[in-house]
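One chain, chain A, appears in both complexes that follow, with chain B as partner in the first and chain C in the second.
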Partner chain A sequence: MTAATLLTIAEYWLIIGAICAAVFLTFGIDRIDEDARGSYIFRPLLVPGVMLIWPLVLWRWQVLERERDNWKLRHLPERKAHTAIWSALCLVLPLIVLLGLAVRQTPPDGAPIKLEEAR
Partner chain B sequence: MSENRTPFFVGYLSAPKGLRSFLLVSIVSMLLFFAGVGWLLATTQPDPGSAGFLPGRQTLIGVLENKPYPMLHVTEGSNRISTGTTVLLSGGGKRGVQSRGKDLEGAVVRISGQALARGDLQMIQLRGGMQGLADMSDTEAPGIDVEDLGKWRLQGEICDGKCLAGAMRPGTGLAHKACANLCLTGGVPPVFVSSQPVEGSEFLLVGNANGEPLTEQLLDYTALFVEAEGRIERRGSLLVFLMDPTTVRPLP
Partner chain C sequence: MSVKYIPVQWNTNKWIYDIVLILSVGIYLWIFIEWGPVLLDHGKPVTPQIHNARAFGSCAFLMLTLILCIGPAARLNQKFLPLLYNRRHFGVLTLFVALTHVGYILDWYYAFSPTPKLEGVLTANTSFGRVLGFPFEVFGIFGLVVLLLLAVTSHDFWLKFLTPRLWKRLHMLLYPAYAALVAHVALGALQDQTSPWRAIFILFSAGGVTALHAAAFLKEARSETTVSLNDWITVCDADDIEDGFARVVRLENGERVAVFRSGESFSAISNACAHQNGPLGEGRIVDGCVTCPWHGFQYRVSDGCSPEPFTERVPTYNLALDGAKIMLNPDANPPGTPTTPVSLGENGK
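Up next is the complex of A and B:
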């Protein structure tokens, strides 16, 4: 996959994100967060974040809109995974550092070689 | 409601007895761990050397040469840069000075700015406007010695001359690649750092085989250890590596 393809994907992702941000911050946020009603200055600050994580915003929006949110259970999966994730990170992070040190180039010590004499 | 006896840490209260040993061991362990990691990472990095900005403003007079990148062959030096030296030129930040001296090729000019130096590599970061580069073309320009030193195969690293000379430290290595490419794109002269000195110098200004700038073809190879071939010329006190970009290859 070329860099141009990645940039095109990122471009479309951000365009969709901008549309989601416009709709959510204009209408949606008032419907799911009563504290946001009547407050407008902070909304432009949320635009970059919404553009990046718009799928999550849309998913949470529909969950809250349908009143299916259970805040007690909402963070349970992440909390249960904490031990496993931190244990894995303890192994993975040092491995990444060591791998980086292992695969880096060795400084050359080859002497300059004269291929042709001066003209 | 049953009373929960599990000790609970609150930052603004004294630590519960049941947690004190755990906290003490954790604090000491983390201090030792991070100190150890810091030491390990620091000791595996190469020495950045003693490059840097030289104190005081330098005013020099000399002959301007624009190709492959702007340099000054000094005819009247200062207390820190002696007559007969060839210095590279750059602008402020990540900019070159190609546009400022394009009509003064081979003319005598007076330059003023901040000097940077790493070993025998010297650069002047010019001040803005006429204060930085002034035309003195009414003065007769002396000839500049150009000596062909033959064709060579070198191993080393392609860097941007300004960071290498001390604008940034270390100014070399993979972590500096993005900065180096920005500097080169902005017109800062590229410099090849040879693994061993060539004819007495380990720093060589880079140009293409025709003596023209070579920035675009270098960007994929900066900050890597590479091998390259090309003719070498001594212009004034500076070596110029007229690199054939098709011969550049990264080393293992």
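Up next is the complex of A and C:
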């Protein structure tokens, strides 16, 4: 995949996200969050977020619309993943730094010599 | 904490926090830009644009390191809790500093790129098969995208909409992003100089973050009790809980329950705050309400509800006394369910 293709995909992703943001922040948000009703000034702040994670927004929107939210999960912090990630990072971070130091080069002493002078 | 959403929830403490933060960033950048060339003793001369890029890049990396240190530091010592209070503003400012770094890089190295600048970053170096000369820019791009994602989902609306659990999962991307940024610096800026200061800077940053997280994990593992899910479980003796404080019990299914003592009465609620799953069990009861140590959300311990006009609620648990021992029913009641506090001298089981 070329860089241009990657950037084009990102562009389309954001365009779809902008459409989702327009619909969600105009109609959807009032239906699923009572604290948002009558509050409009904060909504533009949410636009970039919806544009980036619009599939997640659409999924949560339909969960809340159908009242299928599992209240128990709201109060179950994600701690196992936190422990697992930091156990891995305890190894990975020092390794990355050591790798960087291991491949570090020593530049030649003195200023570069111009080709004309070297001749 | 508000009944209706507003763009940014500022109060006096947050203003002070933000002013100190912005001043600190300004002072760091001023010192780096004015005194950096002398102090850092650049191995080879650099242009002002590159020097500015390094100033903002190192500042963003340092800020991210500090952000990651705040959480475990607050768990190790509650004196650091005020730093946790407004950490999201810290994160958003870090994004702006990082974006300025990227701006200098794009405008200097890719100013005359035949392709669009962003495309130029992705195509200038594709030597993915080697360590020395690896296109370290990709690590920086990943870190920047994650910082952007976290900043744009930092409003309280996202916490409620996504649920704190899903929001946290999303925001845990910061950890791989930090590893990527360590790689970005280790394979990028670190390779450019022979001066030991950058190596020391990276070693202390990455080492400090790692050590603090390990220490916080060990402290938490020692202080909690894990119990199996029987019909009723024994928490501890009533006298083991100090008046106004809680004992946190970790159930086998991962739930944490905070059993509070208020005078001679005991009540139990979820240890996870409805806002950001902060540790309610580390809070203290004042006027029948416990205050979350992270962001100040309050809940009545008898029914798990925030006082009017706030609407946040947490699950409650039923307690009983077996002699002097406190017994807990591990089946959580739905958020906001009133319970009858048990008192010493009763035996409600």
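Note that in this section the second predicted complex is superposed on the first by the 95 of 119 C-alpha atoms of A that agree within 3 Å, B and C clash if a C-alpha of one lies under 4 Å from a C-alpha of the other, contacts with A are read in each partner's own complex, and residues count from 1 in each chain.
Rule of thumb we're sticking to: a residue touches a chain if its C-beta (ideal position, glycine included) is under 8 Å from a C-beta of that chain, and two chains touch if they have at least 3 such contacts.
These numbers come from a predicted model, not from an experiment.
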Discussion item. Looking at A:84 after the superposition, I want to know if it touches chain B, chain C, both of them or none. Which is it: first, second, both, neither?
Written reply: neither
Worksheet item: Counting only touches as set out at the top, which of chain B and chain C does A:105 meet: first, second, both, neither?
Response: both
Worksheet item: Between chain B (first) and chain C (second), which, if any, makes contact with A:52: first, second, both or neither?
Response: second
Practice prompt. Identify the partner contact of A:76: answer first if only chain B is touched, second if only chain C is, both if each is, neither if none is.
Written response: second
Worksheet item: When the two structures are laid over each other on chain A, which of chain B and chain C touches more residues of chain A?
Response: C
Discussion item. Per the definitions at the top, what is the overlap between the chain A residues touching chain B and those touching chain C?
Written reply: 97, 101, 104-107
Response to the item:
Residue set of chain C touching chain A in the complex reads 2-7, 43-44, 115-116, 118-119, 122-123, 131-132, 148-149, 152-153, 155, 157-158, 160-166, 168-170, 172, 175-176, 178-179, 182-183, 185-187, 190-191, 194, 199, 202-203, 206-207, 209-210, 213-214, 217, 254-256, 270, 272, 274, 277, 311, 314-315, 332, 334-335
Item to complete: Could you pull out which chain A residues touch chain C in their complex?
Response: 2-4, 6-7, 32-39, 41-42, 45-46, 48-49, 52-53, 56-57, 60, 64, 69, 71-83, 85-86, 89-90, 92-94, 96-97, 99-101, 103-107
Fill in: chain B residues touching chain A - in the complex, by the definition given at the top
41, 44, 46, 147-156, 174, 194-198, 224-225, 227, 229, 231, 250-252
Fill in: chain B contact footprint on chain A (complex, rising order)
97, 101, 104-119
